[in-house]
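Following: one structure in structure tokens, then a few remarks.
The first chain written gets the first letter, and so on, giving A, B and C; residue counts start at 1 in each chain.
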Amino acid sequence: MTEFLQQLINGLSLGSVYALIALGYTMVYGILRFINFAHSDVFMVGAFAGFYLSRYFPRESFGGGLAVMLLAMLLCAALGIVIERLAYRPLRKGSNLAVLITAIGVSMLLENTGQLIFGADYKAFPTLFPVRTIVMPGGLDLSSNQLLVFGVTAALLIGLQFIVLKTKIGTAMRAVSFNHQAASLVGINNDRIISFTFGLGSALAAAGGILYSMLYPSIDPYMGVLPGLKAFVAAVLGGIGNIPGAALGGLLLGLIETFVNGSRFSTYTDAIAFALLILILIFRPAGLLGKFQAEKV
Amino acid sequence: MHRVKTIFAGRPKTLLLAALAGTFVLWLCSSQINPYYLDVLTKIGINVTLAVSLNLINGYTGQFSLGHAGFMAVGAYTAAAITLFGGPKILPAESSHFFGVATGGLFFGALIVGGLAAALAGLLVGAPSLRLKGDYLAIVTLGFGEIIRVIFRNIDSLGGALGLNGIPPYTNIFWVFGVAVVCTYVVVTMVHSTYGRGFIAVRDDEVAAEAMGLNTTRYKIVAFVVGAFFAGMAGGLYGHYALSIDPKGFDFMRSIEIVVMVILGGMGNTGGVIAAAVLLTLLPEWLRRFDQYRMIFYSLLLIGLMLARPQGLFTWKRKPVLQA
Amino acid sequence: MSAAAKPSLLQLEHCTIRFGGLTAVSDLSMELGAADLVGLIGPNGAGKTTVFNVITGVYRPSEGSIRYDGESIAGQQPYQITAHGIARTFQNIRLFPSLSVLDNVRVACHLRLNHGVRHSLWRGRAFFKEEKKIDGEVMNLLEIFHLGKFRDAPAKELSYGDQRRLEIVRALATQPRLLLLDEPAAGMNPTEKIELMKLIEFIEDKYKISILLVEHDMQVVMGICRRIIVLDYGIKIAEGTPEEVRANPKVIEAYLG
């Protein structure tokens, strides 16, 4: 039982990170019907930003850790906006395929430039926040990092829901995701809203990157590839374009993966996410909370 | 289409035989050729087969597949398994007169079986994926490619994560170019027929194609299966050239490298794709000093192509047939 | 409603088509005979194209039946329905842009094709004979409709009117017995519309096929249709000759109200 609960905790903390990344995918898809392949690499940049920024702030302190995270989020928000502006916006009118290929190109560019600048070797992520192990009843171990992961994810999720549901810009986001033309007709500046969405999603990815590195403190330029793909699966699982769905999908996938990893099928852990994706797309393409939209003939 | 029509005006089989004969002659002279050039030619031949076969799926039929390396892996492992494990049982002694012929026959058989295994994989991948469009299809094929890789990583009898070594060096210039020539012949003749126009129709507008009586699912599956078959043969050729294969060599990056060739050449332009495959095989050789920048170059190439010239480098804008 | 002595070609009975919570077409019954020229009209959003889509298999009816030549075709794939002999054009022209004019029509001959992958590869005498035969049939068709000189042009280079005509020719190449035309007059000037009307009558006469026409342009509809069915919000509100429909108060209200 303890084992089970321990796995549960581990699964939920991993799932929280997936949820944060998945949100970026789902928001961009919701607004542009486009899978931002490079999103996983913004996650990686976030982690590295945290790595390098941590030199300028006190280690093992709440204030320092928070500052690093916020700065990394801002940096990656800017990166996301720049990518959209330079690589995606010019192709918005063209075929969806062209943008997808460009996104793959951007992803490769980030990974390989990262390799060039940061070096291909694994780096040890510094301790941003003070680490304690909280021993819970029943012999469970909860690390303060995991607690932070839950806390930060929850805070960010609540913040996101607030922005999307209660602010003017959030309403504009939702309007654009329903109908581009109608949105611009009522005076919404689509370009700015799209930039904002990219910025928001990238900031969340950066947070995810730092939290992930707190849990698994070994970072390298290709660290985003697998978590990114898995987070994408999570977004589809929850219903792509659906924000609560992405969170739900992320948590579920984190749990599934952790339990598989602890079982005798652990060598297939990575393949599980893909198998899940294929199954979802065949049997329930709308995901758990989404709506499937048919093509108009 | 017009130019191809003139070339193929009734004589494609003759061309095929001539090309194969030329390949045979090339092989006979291969001992005269600088081994480094031979090496590069081999790489070119394998890449041409990969690119032309992917072009059938991505270019002509418009199914954006990102898992081609997975089919290559299936072919490579299957062919290697046959020659490594079956060879000692079937082949006569090395001193025997028939050794050369028997080895050739074994290799040919292994390549074919590898291709068929890959074709089966193509069917398994294609069938469920086909109702998906664009982005989703791309991700799912990528997923399948990764699943195939993980499966091979878990088969210990084929080397597992460490890979399979000691593959006999059966690949030579005849096999490589022979397969490339046959692959090109198959793809081009298939597409340039009334039946084959259907592939392009499916790519251009699936709904309209269905309305004109085309079974679009069948077309897509045929494209996947044929494309996968040749990718599998290319994989078998690669395995017996590199002499050792491992799952990491057939990852998503490998698939992307082939995709870049198809895009650079112009989707659905076989001649252009062949040119692109040659160029992108030679480029790393010429720029060997800058090898660390190779992937950065590829990524900038991809982005640049999409922004500036999405029709590829080798597709020339034909003058409008109708003047104003 | 016509009580034809011979069995009707197409029969919809109590068809209802729902998308989630939205009912696009409700309890529609209609019939087409073997040599009919029927118009399907109604205000925007009345469900006309939906009816086309359900006949051609793009959607399946939530309730009711669709029979062609007496046999149910509901739920069949579009390509199977085309094989039965129902062809269509689209509201927004859907030609194959990368193919030439000739190839666009060639593709539609697919149903009659004897050769497939194997023959394309082998290229024997039978292959070339069939290719030549199809080439001849297609050129013949193109010539009749004055598109022969464009045979090698990419379809997208044609003028709008020519493209519309090509789409109709392409549909004819499937050798249908029932032709569905979805707003063929859209975007045409008055001269082109008159030519279109003549074209449709010519087709009906020469190929002896039934035509079901969705159109907004009343001049075209009233000019050539022998019978008109009026839809409003997915419900059939009137059916009859052009004169009857023109005078029907429900129809007038639907358009003006």
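We take it that contacts are C-beta pairs under 8 Å (C-beta built on N, C-alpha and C of every residue); 3 or more make two chains touch, one makes a residue touch a chain.
Just so it is clear, the structure is predicted and the values come from calculations on it, not from any experiment.
Think of the whole protein's Cα atoms as having one middle point; the chain whose own Cα middle lies nearest to it is B. Centroid analysis (C-alpha atoms only) places A farthest from chain C. With centres defined as mean CA coordinates, chain C is found 48 Å away from chain A.
Chain B and chain C, compared by their mean Cα positions, are separated by 41 Å. For this pair, chain A with chain B, the centres built from the Cα atoms lie 34 Å apart. Taken residue by residue, chain C touches two or more other chains at 58, 90, whereas all remaining positions touch fewer.
Counting partner chains per residue, chain A shows two or more touched chains at residues 297. Annotation for chain B: residues 207 touch two or more other chains. Within the complex formed with chain C, the chain B residues making contact are 1-2, 10, 12-13, 185-186, 189-190, 192-198, 200-201, 203-205, 207-216, 222, 226, 268, 320-322. Residues of chain C touching chain B in their complex: 56, 58, 77-79, 82-83, 87-88, 90, 94-100, 103, 106-111, 113, 115-117, 119-123, 127-128, 130-131, 134, 150, 152-154, 157-158, 170-171, 173-174. Only residues 64, 128-129, 132-136, 138-140, 142-144, 146-147, 150-151, 153-154, 207, 252, 256, 259, 263, 292-293, 295-296, 298-303, 305-307, 310 of chain B touch chain A when the two sit together in their complex. The part of chain A that touches chain B in the complex is made up of residues 34-35, 87, 90-91, 94-102, 104-109, 111-113, 116, 225, 229, 232, 267-268, 270-271, 273-275, 277-278, 281-282, 285, 295, 297.
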